[in-house]
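Below: a set of structures, written as structure tokens.
Shared between the two complexes below is subunit A, which pairs with subunit B and subunit C, respectively.
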Partner chain A sequence: MGYVAAIALLPAIAFAILVPMSNRVRNKAVPVSVAAVVISLALSLLAFAQVWPGGHGGEAVYHASVTFATLGSVDLGVGVLLDPISAVMLVVVTLVGTAVQVYSLGYMHRDARIGWYYAVLSLFTAAMLMLVLSDNFLQLYMAWEVMGLCSYLLIGFWHEQVAPRKASLKAFLTTRVGDVGFALGLAVMYKTAGSFDFQVVLHDFAWAPAAATTVSLLLLFGAMGKSAQVPLHVWLPDAMAGPTPASALIHAATMVAAGVFLVARALPIFEVSGVALTVTMIVGVTTALVGGLLAAVQHDIKKVLAYSTISQLGYMFVALGAGGLVAGMYHLVTHAFFKSLLFLGAGVIIHAAHTQDMREMGGLAKKMPVTTVTFTIGSLALAGVFPFSGFWSKDEILTILWHEGHYVVFALALAAAFVTAVYVARLWFRVFTGPTQSAELKEAHVEMLIPMGVLAAISAFIGFGSPYFAQFLGHEGEWPAAAIALTSMSVAGIGLALGWWVYGRRTKVINTRPFKQRAGFVYDALTLKLYFDLTYDYFIVRGYGRLAEMLSGFDRVVVDGIVNGAGAVWRSGTEVGSLIDTYVIDGAVNGTASLIKAAGAKVRRIETGHIQAYQGLMVAALVLLMLWFVVKGA
Partner chain B sequence: MTLLQPVGLLSFMALSAVLFSLGLYGALSRKSAVMVLMSLELMANAININLVAISRFSAPAELTGQIFAVFSMVVSAAEIGLGLALVIALYRQRKTVEIDSMQELKG
Partner chain C sequence: MLLSAIVLLPLAGAVVSALVPKDRGDIARWIAAVVTAVDLALVVFVALRFDVGAGMQFVENVAWVPQFGISYHLGVDGISITMLALSALLSLVAVVASWNMKTKPAAYFAMLLLLEVGMNGVFLALDFVLFYVFWELVLVPMYFLIGTWGGPRKEYASIKFFLYTLFGSVFMLIGIIALYLQTGTFDMTAMVGAGLSESFQWWVFAAFFLGFAVKVPIFPLHTWLPDAHVEAPTAASVLLAGILLKMGTYGFIRIALPILPHAANQWAPFITALAAISIVYGAALAFAQTDLKKLVAYSSVSHMGFVMLGIASGTVEGLNGAIAVMFSHGVVTGLLFLIVGMVYERTHTRMIQDVSGLSNQVPVAGGLLAFASFASLGLPGLSGFVGEFLTLLGAWKSDVPAVWVVIAAIGVLLAAAYTLSMVQRVILGTPSPIVSKITDLTVREVSLLVPLVVLTLVVGLYWNSLLRFTDPAVARIVELLAGA
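Moving on, here comes the complex of A and B:
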């Protein structure tokens, strides 16, 4: 099964082929990248088939690794680990990756730097696959950072404009805050467990609860940065400045899910700690609610989806926090499909409507049937409507919350599901119904519609695999209980109905003023993104400024005072010294100088400027040296 | 020493010395920079002959001299490429490659 390594290597090779090319050639070499990801997809499906039907108690099916360095007595390796979780992730990543790359052929075909775009997509895919396949935390961290770089490059892809540039920096720096936590977590892990290997760290080593808490909280902090959890979520909405298909791949389906994947991998440590699980759940449920509420007030279609992603990632953290590995991973999988579908649909809509502002859209249903159908499937899956995939995974999360007795979190998660349904309805009715505001709406190219169709089919039917998924990961699988399913369905139904009542009836132009007047504080808080960005700007960005000013004041008064005082003392001392200098030392120096000058005037004659003269001198000197050695030796 | 005797190390070293001297003479006396470069190559190859010959007669099994000579050839090929590029650049500047005309460093 050595081919498993090739799954991650092929996109990396595509990247290596594309990078050294000139821009013009690279733009024509785009098929290299697409071919690589398609082969990776085929190999991933093969790998998945070999792991099927899973079980094995979640044990690895295939494992190989090479050591690339030794740190003290610890071998650092790069390995390939194929177990049920990584098999599932392989298929998700390559499938969404293929869909996005095919879609981008249409979406980006007029871009002058499409080749570079594809090169970065390939590198990203390789890094994500390497992360999924890694058998130790250090390798995971390396892939994690490469993905961060690719995310930065793709968000700032249109760097001629200001907004993408700023957004790429913001994303890079914010995730970097989390990455510091991750790195520290690795350091503590190395110190206590003395290894990075999953086998050692997760199974063999006996963790003390205190150490486990430290490590898992630090890892969680890293995951919060990458997966845009409150309070490190601020970068994801801004990241929408990048190309839409890249957002679909990176900021909806795969990279932001890497944090969830990390927590899922490290779950045994979290479970030893206990505290860390609770923290994970609290972070998750806060994020789910905050993300959902913020999504409900955005006007930019991509930002709605971005906040929605934040909220759904929060859902996954809730599941993991409740110890529900299967539920969390299952929501990751279904979310990857329906959210990338929604992003691809949003890309088509933006292309057609020439705007991202939902207030300027409307009536797309009549002109763009394929987009409408696929987008609707994605929306229903997101809202959690039976039988679409989001229903099943959300249901599993709610079930595990109920069974584990986290009733408060259960209620909050239901509230988040309600908000989700409301903003889904808001988005859908605003975009697809009502009067058409743009005359030349056209359906997109076929290479953009096919990936959407495939993702829509998966989003529609994957839910029926829900019990098999649990078995695949080595757990008990069962169909959802009717009570919870009905609860979540009715919550989603009421949410959608409310959304329709407010936004769908189109009786008059939608007017937010009544709400604004009645609950001005709430409205302001939501439209200002719950003050997160303002707080960061005030305390961190400008706080740095104030700190710098204070430090510079300290510099001017105290440090400069000491320096100047010392200078004055020194200066009076040197006045005396300078007299000695002038007469005694200068005399000696000047005398030496004039001696050398006179000598130089004589010696400069050998500097004729003829190379061959120098050469001759060198040869003569060499011959003399040789003669001297011969005579001495004799 | 008759002509039919197998060629010994001394003969190779003599050949090398002759080549080296020829090269040295050329490098010191030619007017054209191109010829100087060629003479330098001659000197380098004289050394290569020495390397191969000494290796062959002292430790024939190890081939170190031969391998080193191959390295040395690669390096001098690179060096001659660089040298010729410099000569061409100089020629573009002043329409001549005569070494005597380049005396800017005169003291």
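Moving on, here comes the complex of A and C:
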């Protein structure tokens, strides 16, 4: 089964082929990248099929590793671990990756740097697959960072404009705040358990609760950065400055879910801690609510989807915090498909409407049938409507919360589901119904529509696999309980209805601010993103800038001042010495002013003159010393 | 004889270059190129024949002044071979980078070769007198390189560099003499495990600390570095950052730790604190700079802080990591200075606000500068990450206060901040008026950078390419520290 490694290596090879090319050649070599990801998809399906029957009780089917570093008695390796979780992730990543790459052939075909775009997509795919296949936390971390680079490059893809440039920097730095925690978590893990290997850290080593809590919380902090959890969520909405298909792949389906994947992998440590699980749940439910509320006031269609992603990732953290590995992973999978679908649909809409502002859209349903149908499926899945996939995974999360007795979190999660339904309706009715505002709306190219169709089909039907997914991961699988299913359906239904009531009934006049009129203060707070960005910008970003300036002044005036002061004291010392020499000693003999003048000139030459003297003296002293030793020795 | 050849060949080259007529700079540069290339080949030969399991190898030990225990003693172990390789490689790079030197070329290339003598010698010497001679020898050519071929404030910068580091080495000399008086020998290897008393160790360590700390440089003894870097010609900057700074940390690893292990343990918390401060202080100052060279110079203070962090940890991970940072910083900072120099030759400015949009105007230069930047900020898969991560790992594993390790880890974030804000302003965006007139790198320039790029990738992807040399040597030092 050595081919499993090839799944990750093929896109890496594609990257290595594309990078050294000149821009013009690279633009023509795009098929290299597409071919790599398609083959990876085929191999991933093969790997999945080999794990599929029963999932082998959650155990690894294939494992191989090579050492890349040796430290004393510790070997650090890079490995390939095929177990049910990684098998599922392989398929998700390569499937969405293929969809996005095919879609981009249409979406990006006029871009002057399309080759570079595909090169970075390839590197990203390789890193994500490497992360998924990791058999240890260090490898996971390294792949994680490389994904961060790709995210940075794609967000800033149109770097000639200011906004993408700023957004890419913000994304890299914000996620790196989390990465500091991740790195320290690795250090604690290494000191405590003496290894990064899953086998040792997750199975063999007996964790003490205190150490487990420290490691879990640090890893969680890393995951919060990557998965845009409050309060480290601020980078993701800005990241929408990148090309939309890249957002679909990286900032919706895969990379942002890596934090969830990390917590899922490390869940045995979290469970020893207990505290860490609670924290994970609180972070998750807060994010689910905050993300949902912020999504409800955005006018930019991509930003609605971005905040929606934040909110749904929060849902996954809630599930993991409740100990629900299956529910969390399942929501990751369904979300990956329906959210990438929504992003690809948004890309078509933006191309057609020539705007990202939903207030300038409307009536798309009449002109763009395929986009409308697929986008609707994605919307219903996101809102959690039966039988679309989001319903099933959300239901599993609610079920586990109820069963574990987390009633408050259950209620809050329901509230988040309600908000979700509202903003989904708000988006859908604004974009697809009402009067058409643009004359030249037309459906997208077929290479863009086919990937959307595939993702829509998956989003529509994958839900029925729900119990089998649990069995695949080695857990008991059940069909949803009627009571919870009905509750969540009702909540979603009411939310959608409310959304229609407020935003869907328009005929001519577009009322953009029904919410604003009724709850001004709340609305203002939400449009200002709950002050997160402002606070960070004022206190952290500008604060650091000011601090750096201050330290720079301190360095120049104080630290270097002391050095120069010492130099000056030394120089005036020699000056005095020199004056005494000439004035007192020579002066006593000659008593002429001309000598003083000469001395002054000599002093002025100190800067350049004395250095050679010191040097000469030093070398001479050394040579004499040597000679003396040699003579004495002879 | 091989090691002697590695040290003395550049000396012969320097003498011959110096004798070349003043108007025949082309002869001098060819001499320098051939000599440094042959020297590098000899080093590679040594590395290929090197037995990673054994200790000191290729040893040459001849009694020189037996009455005073002075010997001509050279040798390489896994630590010195990595530094020697770096020194030989960067010397060749420095020569090729200076190919178009017009001002007094004969003297210039002689100085570069003389510098290599000192650098190679420092990493090979196992006798204190010899070590001191090489150590001081390095100052002379570097002083002239900055003072003669430097920028507008070259006098100030070169004198500051010279006096500051001379000030440090006086303390080192005191330490050496004290050790001699106590042990009756100048042989470094003989002093290891000499049973020096604890208080004696403490005082001698203090002397060595001052000597080495200036060279590294550790906060607050770093202010000579930005001035020297800004004024130095490109090749001198490469060697200054790439090799000269490492002499200080090499001194800690080769001398202070094995000979004074008890004191090293006692000093570890203090050094850790200064290392952590150097990391964040250097990073914050780099963030505030408007001159590209100064930015790189302050980033060196930050990176060398990681080296000290690893050294102070006294662990296998930390010391391996320290050497990995030393190696990587040499290669990556070399890349950064070379590319900044190449851009400067075209734009005649190093001011960040004057340079923007490199990636659109000159994609090769912009791309390579971006590559070096990501290597510098510690992206996994490139060499910078290896040491940064291992030093943090080692520091956390050791008994030093955890708060300093956390501060050091924040340095990783700050590194991304100053590096990427530079990338954002200089590489990205639309070309500035000055940049829109320049042409991309020539084949010679690219071929100069490619070996460094390849090394960055090889070390970053396969850590054992470096660790296989250092790990066994480090293990011996860790054993000494643990036994003290």
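Keep in mind that, in the parts below, the second predicted complex is superposed on the first by the 536 of 634 C-alpha atoms of A that agree within 3 Å, B and C clash if a C-alpha of one lies under 4 Å from a C-alpha of the other, contacts with A are read in each partner's own complex, and residues count from 1 in each chain.
Here, a residue touches a chain if its C-beta (ideal position, glycine included) is under 8 Å from a C-beta of that chain, and two chains touch if they have at least 3 such contacts.
What you see is a predicted model; the values in this text were computed from it and never measured.
When the two structures are aligned on the shared chain, A:Ser572 is found in touch with neither subunit B nor subunit C.
Shared-chain residue A:Val188: touches subunit C; no touch with subunit B. Once chain A of one complex is fitted onto chain A of the other, the partner contacts of A:Leu76 are limited to subunit C, with no touch recorded for subunit B. After superposition on the shared chain, subunit A has more residues touched by C, the comparison being subunit B against subunit C. By the touch criterion defined above, A:Val563 reaches subunit C but does not reach subunit B.
Residue overlap on subunit A between its contacts with subunit B in one complex and with subunit C in the other: 607-608, 611, 615, 619.
Considering their complex, residues 24, 27-29, 36, 99-100, 102-107 of subunit B touch subunit A. Contact residues on subunit A toward subunit B in their complex (touch as defined above): 604-612, 615-616, 619.
Put simply, subunit A touches subunit C in their complex at residues 23, 67-72, 76, 141-143, 145-146, 149, 152, 156, 159-160, 165-166, 168-169, 172-173, 176-177, 179-180, 183-184, 186-188, 190-191, 544-545, 547-549, 551-552, 555, 559-560, 563, 567, 607-608, 611, 614-615, 618-619, 622, 629-630, 632-633. On the subunit C side of its complex with subunit A, the touching residues are 64-68, 70, 133, 136, 139-140, 143, 147, 155-156, 158-160, 162-164, 166, 220, 222-224, 281, 284-285, 287-289, 316-317, 320, 357, 359-360, 363, 374, 379-381, 385-386, 389-390, 392-393, 395-397, 405-406, 409-410, 412-413, 416-417, 420-421, 424, 428-430, 461-464, 467-468, 471, 475, 478.
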